[in-house]
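To keep things clear, I will list the structure first and then write my remarks on it.
First chain written, first letter: the chains are A, B, C and D, and each begins at residue 1.
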Amino acid sequence: MPTATTSFRQRVYRRLFDQRTRSGRRVEAFFALFALFSVVLIFIESGIGTQYHLTFEEWHAFVWLEIFVTLVFTFEYILRVLCWPKPANYVFSFWGFIDLATVLPLYVLWLWPEIGIHYLFAWRAMRAVRVLRILKVLRFMPSLMILWRAIARARQQLILFYAFIAVMMIVFGALMYGIEGPQYGFTTLNASVYWAIVTVSTVGYGDITPHTAAGRTIASILILIGYSLIAIPTGLITSHMSAELNSRRQSRACPHCRHIGHEDDARYCKACGGALAE
Amino acid sequence: MPTATTSFRQRVYRRLFDQRTRSGRRVEAFFALFALFSVVLIFIESGIGTQYHLTFEEWHAFVWLEIFVTLVFTFEYILRVLCWPKPANYVFSFWGFIDLATVLPLYVLWLWPEIGIHYLFAWRAMRAVRVLRILKVLRFMPSLMILWRAIARARQQLILFYAFIAVMMIVFGALMYGIEGPQYGFTTLNASVYWAIVTVSTVGYGDITPHTAAGRTIASILILIGYSLIAIPTGLITSHMSAELNSRRQSRACPHCRHIGHEDDARYCKACGGALAE
Amino acid sequence: MPTATTSFRQRVYRRLFDQRTRSGRRVEAFFALFALFSVVLIFIESGIGTQYHLTFEEWHAFVWLEIFVTLVFTFEYILRVLCWPKPANYVFSFWGFIDLATVLPLYVLWLWPEIGIHYLFAWRAMRAVRVLRILKVLRFMPSLMILWRAIARARQQLILFYAFIAVMMIVFGALMYGIEGPQYGFTTLNASVYWAIVTVSTVGYGDITPHTAAGRTIASILILIGYSLIAIPTGLITSHMSAELNSRRQSRACPHCRHIGHEDDARYCKACGGALAE
Amino acid sequence: MPTATTSFRQRVYRRLFDQRTRSGRRVEAFFALFALFSVVLIFIESGIGTQYHLTFEEWHAFVWLEIFVTLVFTFEYILRVLCWPKPANYVFSFWGFIDLATVLPLYVLWLWPEIGIHYLFAWRAMRAVRVLRILKVLRFMPSLMILWRAIARARQQLILFYAFIAVMMIVFGALMYGIEGPQYGFTTLNASVYWAIVTVSTVGYGDITPHTAAGRTIASILILIGYSLIAIPTGLITSHMSAELNSRRQSRACPHCRHIGHEDDARYCKACGGALAE
C-alpha cells in the first residue's frame, strides 16, 4: 500500500515531469527555455567582459543572475531526484548527469575560489545541452526516424568509408611528416595527421601548410582525393533517404482504387477521390 | 465618385507599377537594371578610389553620377508614394522600406558632412537588393515553389539538424575555450563559438587555431563530425525535392491510356501518342 | 569542277582532320597527347627553374624542346588553315582561336625580347586547353547530355539561386565594410565583397577576417546561411539528374510484355526474357 | 603424392589464413587489431616525445614495444611465406608488399643508424594500411558493390568532370601566375596550380592569396565556378546510386502477386502477404 508521501511524489511527478501530460510538457519547455536564457546571458556576459576588461566580481548584475540561475537549476535537480519513481534511474541517466554537471560551476567556485575563471565560463556554457530538451516536447521523433533509418541502412557503407578515410589520413599524414619534416610546421606525427584531417575535410586553416614541391604535390593529391570522396557520404545518405521516402509513399495505397504514390500529407486519393487511411 | 486626380493616379499606377500589365513589368525591369547599373558604378568607384587614393570630392564624374542616381531613385520613390492606391501599404512594405533606405545616403552626407565616407559606401551598396526586383518580372515563381515545398517538407528535420549543430558549436566552443585558453586566440567564449562555426562549416579561416595536443584532438573530432553532418541537409533537401519532382510527374497521367511518368515538357503521351493536358 | 589542288586538300582534310574517319580521330588524339606532353614539359621546367634559379636561356634542353613544340603546333595550324573546306570557318572558330593563341608565345619573345619571362610561362601553360580535344575522340557526348539536360531543367532555379547569392554577397560585403572598416583588411568595398565570396563558398583563406565582435557575429550569420545554401544547387542538380535517369529507364519498355524499368545496359527483359530494343 | 611437409603447410594455411574458415577469419581479425594497436602506440609515442623532448633511445618502454611489434610482424610474414600454397603469389601481391614494407623500419634503423628518426616514424605509421584487412573479415563487400557500380555507371561523366577541372586549374593557375606574379607568393607555375587546386576544392589554406584587384576578381570567378561544380560529382554519384537502389528494389517481385517495390529487408509481400524470395 503506497504511503501518503509516495502518492504525493507520484502526483508531483505526473504533473511536472511526465511527458505524456500537457502540464509535464509545459514544464519541460519552461526549463529548456530557461536554459536557453541562461546560455544567452553567458554570451552577453562574455561579450561585455571582453569589451570593458572587467573581472567577474565587478559585474554585479551578472553575478546575481548567475546565482539565480544556479538556484533554479539546483531546485529543479532536487525536485527531480525527489519525485522520480526510481531516483537512481534519473541520477544515472544521460539527462541526470547533464543536469547535475550544469548545476555545479558556482559551487565549485565557492569551494575552490582559486580556480581559473575561464574554466568556469566554459563549464557554464555546457548548459546549452539542456536546451535540446525542448525537442522532446516538439515531438519531432517521426521525422527523425526517416533520417535515422536512412543512416542505419547506409551503415556498412559509411563504416567502410570512414575506415578508408582514417587510413588515408594516417598514410598521407605520415608521408607529409617524412617529406616536409619538422621545419615547416609538421613537427610531430600527430600534427601531420591533424593537418591531413583539416585538409581532407576542406577546412584548410592554413596554420600548417606544405612548402616543398614534393609536399605540395602530395597535398594536391590528398586534396583531389578528398574532393572526390566528399560526394560519397552525401550520395549514400541521400539515396537511402530517397528510397525511404519513396517506399513510404508507395506503401500508402488508396483503399478504393489501389492507386499508389500519394504525398505524405494527401488525405484523398488523387485518382479516385476516395479518402485515404492516415 | 473618383476625382480627376484619383483617376489620373490610378492610370499612372496601372501604366507604371501594375505587374499585371506589360508596361508595368517593363518599368519594373527598367528600375531593376538601373539599380544594377548604380551598383556596378559603386564598385568601379571603389576600385578606382583605392588605386589613385582620391577623396570623394575629387572624383567629379562619380559625384555627378551619384547625384543623378539619387535623383532618379528619389523621383521613383515620390512617384510610387503618390500613385499607390493606398500609399501607406507601399511605404510600410518591404520594398517601400528598401526604396527609401537606398535613396538616403547622399542626403545624409549633405546634412551631416562629417560622417565617415566608408559608411556611405557600404550604405550605397545596399542598392543591390533592388536588383532582386527583376525576379518579379521574370515570373520564376513556379520553379521556386518546388524548392520551397521541398524545404517546407524537410522543415522538422532541418530544425532538428540546426538545433543539434547550434548546441554542438556551443559545447565544442566552450571546450576549446577551457582547453586552449586566451593565450592561443580563444580570448572569449564568443570567439570560441565563432571558431566552432568557422570550423564546422569548413570555412576554416585560420585566424584562430588550436595549438595544444588536446585542443587539436578536440578540433579533429569537431571537424570529423562536421564533415559527416554536411551530408544531412543536402540529403534532406535532395530527397524531398526528388520526391516532389517525382510526384509531379506521376500526377500527370495521359487522359487516353492512363500512362504516367511523363516529363514536364512532354506534350504527347509516350505510350499512345495522345495529347497531354498542360 | 574541282581542281587537283582542291581535291588533294579535300583528301588531306578527310584523312587528317575529319572526325568521322578513324585516321582523323587518331590524328586528333595524337595532337591532344602532344599538347599534354608540352604541358607536362612546362611544369617540369617551372619546377627545375625554381630549384636551381636558372634563367630561361640557361636551360638548353628546354629551349630546344620549346622550339620543337612551337614548330609542331605551327605546322599543325598552317596545315589546318590550308586544308579546311572553308578556312575562315576554322580560323574564327573556338579551336582556331585556341590553336593560334597557343602557338604564339615563342614568336612574341623573339619579336619583343624585353617581355617578362613569367608572362610567357603563363601563356604557354594555356596549351592545357588543347588537351580537351581528346574528349571529341572519346565520344563522351551522350553521357554529357544527361548532365546537360539536368542543368537545363534546373536552369530557372539555378539563376534564382545565384541571383540571391550575388545580392547576399554584396549586402554582407557592404555591411562588413561598414562595421569592420579599413583597419582590419576590409580596405575597399571590392575587398569586402571578395571576402564575402571567399566566405560563402567555404574557401576561407583567412587573408581578411573579422576582428570586432559585431563583425564576427555578421560573419557567423553569413557562414551559417552559406552552409545552408550549399545544399540547394546540389539538391537541384541531383534531383533533376535522378528524374532524367529515371525517365530514361521508364521509357525503355519490353516490346513483348511491356515491363518497364530496365537498366541502361540490360539487353534482355528481366520479366519475360525477350530481347530489348537498343 | 603430397609429402608430409606439404600437407602440414596446407593444414596451417587452412587453419590460419584461409578466409573461408572461421579460424582463418579470426586470425585475420587478430592481426588487423594488432596493427591497430601498433598504430595507436606510435601516436602515443609521438605525442609524449614532443611534450618531453626525448630522443628515441630514452623511451625504454616504447623501444621494447616496437621491438615486440616488429617481431610479431616478422613472425607473421615468415609464416605466410612458408605456408602459402604458392609463396610467390603472396610475396608479389598487394598485401605481401604491405606486410614486408611495414616490417622493415626497425631493421633499417639497425643497419643504418644514421637515418633520420622522423623518416622512421613516418614509415612505421604506414602500418595503418594493415588495419584495412579487417574489412575482409567483416564481409562488407555486397554493400561496397552498390557504391562501386554507381561509380562505374557514372564513369564517363566523372572522367569528363575531372578533365574539365584539371584544365581549369591549369588555365586559372597560369592566369594568376601572369597577373599576380612572384611578389605575392605565386612564385612558380607549379605553386599557382597548387593554389588553384586549394581554391577550387574550397580547402583555402591562405598561404598563397591574391592581393591585386585583378587577381582577386579572377580568384572570385574561379571560386564561384568551383562552388557550382562541387554539386556535379555529388549529383552524379547520388543519382546513379539512387537508380541502383531503385532497380534492386524493382527487380524483387513477389512470386505470388507480382507486386514490386519491396524494401531490401522485407521478407513478406506487402500486397498479398506471401513469402518473398531472398
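Convention: a residue touches a chain if its C-beta (ideal position, glycine included) is under 8 Å from a C-beta of that chain, and two chains touch if they have at least 3 such contacts.
The structure presented is a predicted model; accordingly, all values stated were derived computationally and were not measured.
Trainee: Is it true that over half of the residue numbers where chain A touches chain D are used by both copies, so same, or is it different?
Mentor: Different residues, largely: of all residue numbers at this interface, under half are found in both copies.
Trainee: Comparing the two chain pairs, does C-D have more C-beta contacts than B-D, or is it the other way round?
Mentor: Top pair by contacting C-beta pairs is C-D.
Trainee: Where the centres are mean C-alpha positions, what is the separation of chain B from chain D, in Å?
Mentor: That pair's centroid distance is 41 Å.
Trainee: Return the distance between the CA-based centres of chain C and chain D, expressed in whole Å.
Mentor: Going by mean C-alpha positions, chain C sits 29 Å from chain D.
Trainee: Could you list which residues of chain A touch at least two other chains?
Mentor: In chain A, residues 47, 50, 190, 193, 202-206, 213, 230, 234, 236, 238, 242, 246 touch at least two other chains, as defined above.
Trainee: Per the contact definition, I'd like the list of chain D residues that touch chain B in the complex.
Mentor: Spelled out, the residues of chain D in touch with chain B are 47, 50-51, 202-206, 213, 234, 238, 242.
Trainee: Which residues of chain D touch chain A in their complex?
Mentor: Those residues of chain D that touch chain A are 39, 42-43, 46-47, 49-50, 116, 118-119, 121-126, 128-129, 131-132, 134-135, 138, 140, 143-144, 146-147, 150, 190-191, 193-194, 197-198, 200-207, 230, 233-234, 236-238, 241-242, 244-246, 249, 261, 263-264, 270.
Trainee: Where on chain C does chain B make contact in their complex?
Mentor: Those residues of chain C that touch chain B are 153, 156-157, 159-160, 163-164, 166-167, 170-171, 173-175, 177-178, 181-182, 187-190, 193, 199, 202-206, 209, 213, 216, 219-220, 223-224, 226-228, 230-232, 234-236, 238-240, 242-243, 246-247, 250-251.
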